[in-house]
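These are the structures, in structure tokens.
In what follows, subunit A forms one complex with subunit B and a second complex with subunit C.
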Partner chain A sequence: MSKPRIGIYGLTGCAGDQLNILNCEDELLKLFDIFEIKSFVMASSAADEESPLDVAFVEGSVSTEKDLEHLKEIRKKSRLLVAIGHCAVFGGVQSMFTGKKWEETYRAVYGKKDAVSLTRPLPPKPLSAYVKVDAVLPGCPIEKEPFLKLAGLLAKGVVPRHPDFPVCAECKWKENECLLLKGEICLGPLTNSGCGAICPSLNIPCIGCWGPIEKENWEAEAFLLKENGFSVEEVVKRFAIFGGEERAEKLKKFLEGKEG
Partner chain B sequence: MRLFKIKKSNLFPFLRGLEGFGELWGPVRKGEKVVYARAKPEEFDLKALRTMIPAKKFLLPPKFTSLKFRESRWEDDYRPKRKVVFGLHPCGIHALNIYHRFYTRLYSDPYYERAKEATLIVGLSCVPDEYCFCYATGTSTVNEGFDLFLTDLGDRLLVWVGSPKGEESLKLVGKYLEDVEQKDISDYVAWRKRRDAAFKLKVDLDGMPEIVSFSYDSPVWEKMGKACLSCGTCTMVCPTCTCFDLEDEYDLKRDEMHRQRFWYSCVFREYSMVAGGHNFREARSERLKLWYTHKLVGFMSEYGAPACVGCSRCVVSCPVGINVVSVVRALRNERTAALWTKMEVSDA
Partner chain C sequence: MERKVFIEPVARVEGHGGIEVFVEGNKVKEVRVDIFEGPRLMEELVKGKYPQEAVSITSRICAICFLSHRLSDIRAHERALWVEPSERTRLLRKLGHYGEMIESHSLHYYLLALPDYLGYPDAISMMKAFPKEVKGALELKKYGNRVMEIVAGRRVHGENMRIGGFGSLPSEEDLDWIAQMARNLISEIERGLALWGKLQIPDYMEEETTFASVWPEDGAFGFSADTIKISDGTELPADEYKTLTNEYVAPHSFAKRCRYKGNPYTVGALARVLLMGERLDGEAKRWFKKYYNQRWWKNPHYNNIAQAIELLFCLEKIPSLVEKIKKADYYEAAPSRESGSGTGIVEAPRGLLIHHYEIEDMKVKDADFVIPTTQNLDDMEKYIRTAAQNLIDKGEKELELPLEMIMRAYDPCISCSVHMVRVRWK
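And now, the complex of A and B:
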């Protein structure tokens, strides 16, 4: 069997996910061993962009026209496309403003509408808003171990499925006291597991960087936090960081509706 | 059942002696929580009632590698360490008996069997706090399921021997054992009376199977489903919850697949999802109904006792107050101040 050909790409993001792949020091050679790496610009400028790929790993959100073109090219030549990191999977912190709010923010930052001339800006969106995504690895940034496991499965021809259960499970496996019960804003119940509940294990509330689970019950979490004395602003802010503006907007309506 | 006693001052040397069987684990207080941890006997909290996670973690850890395999061969090298687990109360031992039935009755689970073989269960008597309700689940005393059980009578402890393994372990601590006298028995009876009178939480489980069955369409479930975070905490902390999931992970360094086995929960959405994407319990209310039907009806009709041992871990752990006590009260149309009952049911 010939080695699967892969490419590792970045759109708009901090490049932290690619960096964490490079940080897999011990296993990096092994990765080069099982895959034929056609493109990984962060590691080497000698990229082959002509050959078709078995797997493309893409980090970053689609935030410009150029991002979108690049993504479509990658999609066209790749059998499987894997979104890595919160930006690629959910849109990232930058996607907390959409629609009108995004335009306002853009103007506030850049002064006018078409300040950047290299490419046209787009409201930041996850890859799945434009192309088919075959597998995801959330995290901000992605973690080494989950990445290696995912890469390993792909090398074996398995398309990995991200488990859909919350951080709280891993938190309880570690026997942590629940921060919600201690009156903090912990987003564990709404957030994808996989990080190993790092933050709550250090007594720091989960801020949701692995992105929301499917059919999250944000209404219940919002209700609970309000009962615990938090203001609408505090709750909305926390929800918006990694949950996107849409969730924050829904939440605000819900919380204010209950107040009136 | 054989019965001895030891002097209170000999408790720590007694436990240290049992270390001849394996590592010594017991309840240790860490801040506000209590966990079973490996420690010296002096560090154990003898008054602790409920650890964060129950002793089921010794029989099947939250996550472990159950199988390692490559294309043509496989290896199962799961060998739990020998451990003395000290400090289980009657509720916890009843829970282990439920666990035992589940994991041995139809098929014998080899991982469970190995851990069970490697574990010496040393129970300890308790006095209930404001949350305990084992009297209502018939689990306030225990006759089987432990290897040794210690009843604390103040200046001495009675030592009940519950299994051949327990009997064998006494060889390690023979020098501390004394014969019991009439006075010990009468003191024990008096202690039992005092303990029975100490229960504070009132929970009435009478007729519960019927009530749950006939409440199948009750709006209570809908309300609960609205407030449930699907966090899974209730099932992780419940000593009688047994569900697990399996997932294959690839170990790049060894070029090996590792089959991970980990605690899972019926309140998670994917739990009831089958191939093709159909979900039998898409609604949270349906999943909670399953949990409470399992605890209070299903197990009851099969074994004549509920699959709840009254430990109140769910009571102190659920962020929105969904637990056996508040649910039973709500289904009985009794008053409950639980947080979930305050959330309005609407289509937000």
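And now, the complex of A and C:
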């Protein structure tokens, strides 16, 4: 059997997910052995962009027309497309819900709409806003263990779903004291697991950087936070950082409804 | 007849950076470093957020420099809100900062820059002739990553460093490991430093420029301060950074540009070593004295060796720093006021990094961030223009690598500098 052909790409973001693949220092050679890597710009200059791919891993959000063209080309030549990292899965911090229109925000930074003529900027969106995404690995950034697990399964032809339990589960396994009960705004119950509850284990409340889980237990979270005296505004503001625009707006409406 | 030389990172063809050289006859008319990396509007995103939330957001600007972003962000907030961190907090931050320098510099100096000078397409092909150097570089990179993991919580976007202190303090066992490994790795760096002496450093781009870096108040070589030093002798308090940066928008770049008194300037390891070199001590000083000459003021290639000297500096300082950390007191510092403004400046591996905040009632009212690559872009264009003009008669093939090496010497950011670039004559 021939080796699966893969490509690893980046759109707009901080390149942290590709960097963490490179940071698999001890496993990197094995990875290069299992797969035939056709394109991985951060590791090698030898890229073959003509070859069809079995799997394309893409990080970053679609933030310019150039990003969009690139994404469509990758989709066309790849059997499976995997979104890696928060930007690709949810849009990244750049797609944060601020209550303002993106165009206004853009003008506030660059002065006018057409200040940069290189390529047209677009409101940042996750890959799924434009193309079919076959699997996801969230995280800001992704972590080594879940990435290696995902890559291993894909090598065997299995397309896994990201587990839909929250950070709280991993936090319990580590036997940490619950930060919500200590009065902190911890987003653990609303956030995808996979990081190993690293922040709560360091006594730092979860900021939600693995993005919102599918089955959000909003009532429980809202109830706990309300009991601890946090306002709807505070909770939404925190959730909005990594919540993706759409969900943050939804959460706001939900919590405001609960208040009324 | 007008010709255009277009250099773009091959591997990231639709990628994030490229160089365009416009040629008329035998004269280079214009050079443009295009930055395609999409806009992320960070300054607007932090508005209305709590200071600690802003710290988490802005460290996402860059993966490889996240720790420097975090440190300058924290410093800005602490100055705005009058937070006096404990001695242990300040020393641990310094240790984390050294970790990032080691990780970033070892990757750039050994794995990205050296292959060019030694005539290899990449580090993997260098393996056969220079196995010890390549393996040593990987060891150093891994060590830098581990230091960041221990101090900052993760290798990328760790959340452990906070305004006023740490989520959790690193254990004594981990600190001792960091100190011991630093001692073990010094010989790896010296091997890499020795290699530089055998290289021919090209001179076809040489031209005077201005340099800027932090200027530590304690009189030591370092990566954070509240003062900026410029090579014309000017010293600026951090809050007056705009006198240096004067940011403007160029139509071919989503990254803004900077000019000092109307001229481009350079930040980074070379700027630091030139401005603070007299403050070095130990073996780092010996290697600096050995290699230093007047060409360093005119030639960005020396940024590479400056990085290697800084690698040695960090490893030499770590053991005594760890001893100080173990003895220093710790407390979590709280804000003394709820409104105010503050600027935090640090040196990211690739140069001076500035975060500025206006805080009102513990919420961000306004913010401004000036990134090292933003400051270097105009000088990068200047040197590429001079090199292209001096080499134009040599033809396409001879132009390719020299221009690419100038861009790479600036270590612009990992996504721009890793891959080979290609010249196309149009």
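The rule is simple: the second predicted complex is superposed on the first by the 236 of 260 C-alpha atoms of A that agree within 3 Å, B and C clash if a C-alpha of one lies under 4 Å from a C-alpha of the other, contacts with A are read in each partner's own complex, and residues count from 1 in each chain.
Just so we're on the same page, a residue touches a chain if its C-beta (ideal position, glycine included) is under 8 Å from a C-beta of that chain, and two chains touch if they have at least 3 such contacts.
Because the structure is a prediction, the values reported are computed rather than measured.
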Following the overlay on subunit A, give me a clash-or-fit verdict for subunit B and subunit C. fit
Who does A:L11 touch here: subunit B (first), subunit C (second), both, or neither? second
If we overlay the two complexes on their shared chain A, which of subunit B and subunit C does A:L80 touch? Say first, second, both or neither. neither
Output check: A:S39 vs subunit B and subunit C. Expected answer is one of first, second, both, neither. What do you get? second
Identify the partner contact of A:K156: answer first if only subunit B is touched, second if only subunit C is, both if each is, neither if none is. first
Quick check on the superposed pair: does A:T105 touch subunit B, subunit C, both, or neither? Answer first, second, both or neither. second
Of the two partners subunit B and subunit C, more of subunit A gets touched by chain C
Give one of first, second, both or neither to describe whether A:W173 is in contact with subunit B, with subunit C, with both, or with none. first
Please provide the least distance in Å between a C-alpha atom of subunit B and a C-alpha atom of subunit C in the combined superposition. 14
Subunit A-facing residues of subunit C, complex: 9-16, 34-45, 47-50, 53, 56-57, 60-64, 66, 121-122, 124, 138, 141-142, 145, 153-157, 159-160, 162, 167-168, 249-254, 413-415, 418-420
Under the stated contact criterion, what part of subunit B meets subunit A in this complex? 31-33, 35, 52-53, 62-63, 226-233, 236-237, 247-253, 257, 262-265, 268-270, 284, 317, 319-320, 339, 342-344, 348
Residues of subunit A that touch subunit B when the two form their complex: 26-27, 30-31, 34, 148-149, 151-153, 155-156, 158, 163-166, 168-169, 172-178, 180-181, 188-190, 213-215, 217, 219-221, 223-224, 227, 253-254, 257-258
For the subunit A and subunit C complex, residues of the former touching the latter: 10-12, 14-20, 23, 25, 39-45, 47, 49, 61, 63-64, 66-67, 69-70, 73, 92-94, 96, 98, 100, 105-106, 108-111, 115-119, 121-122, 124, 140-141, 198-199, 202-204, 207, 209, 237-238, 241
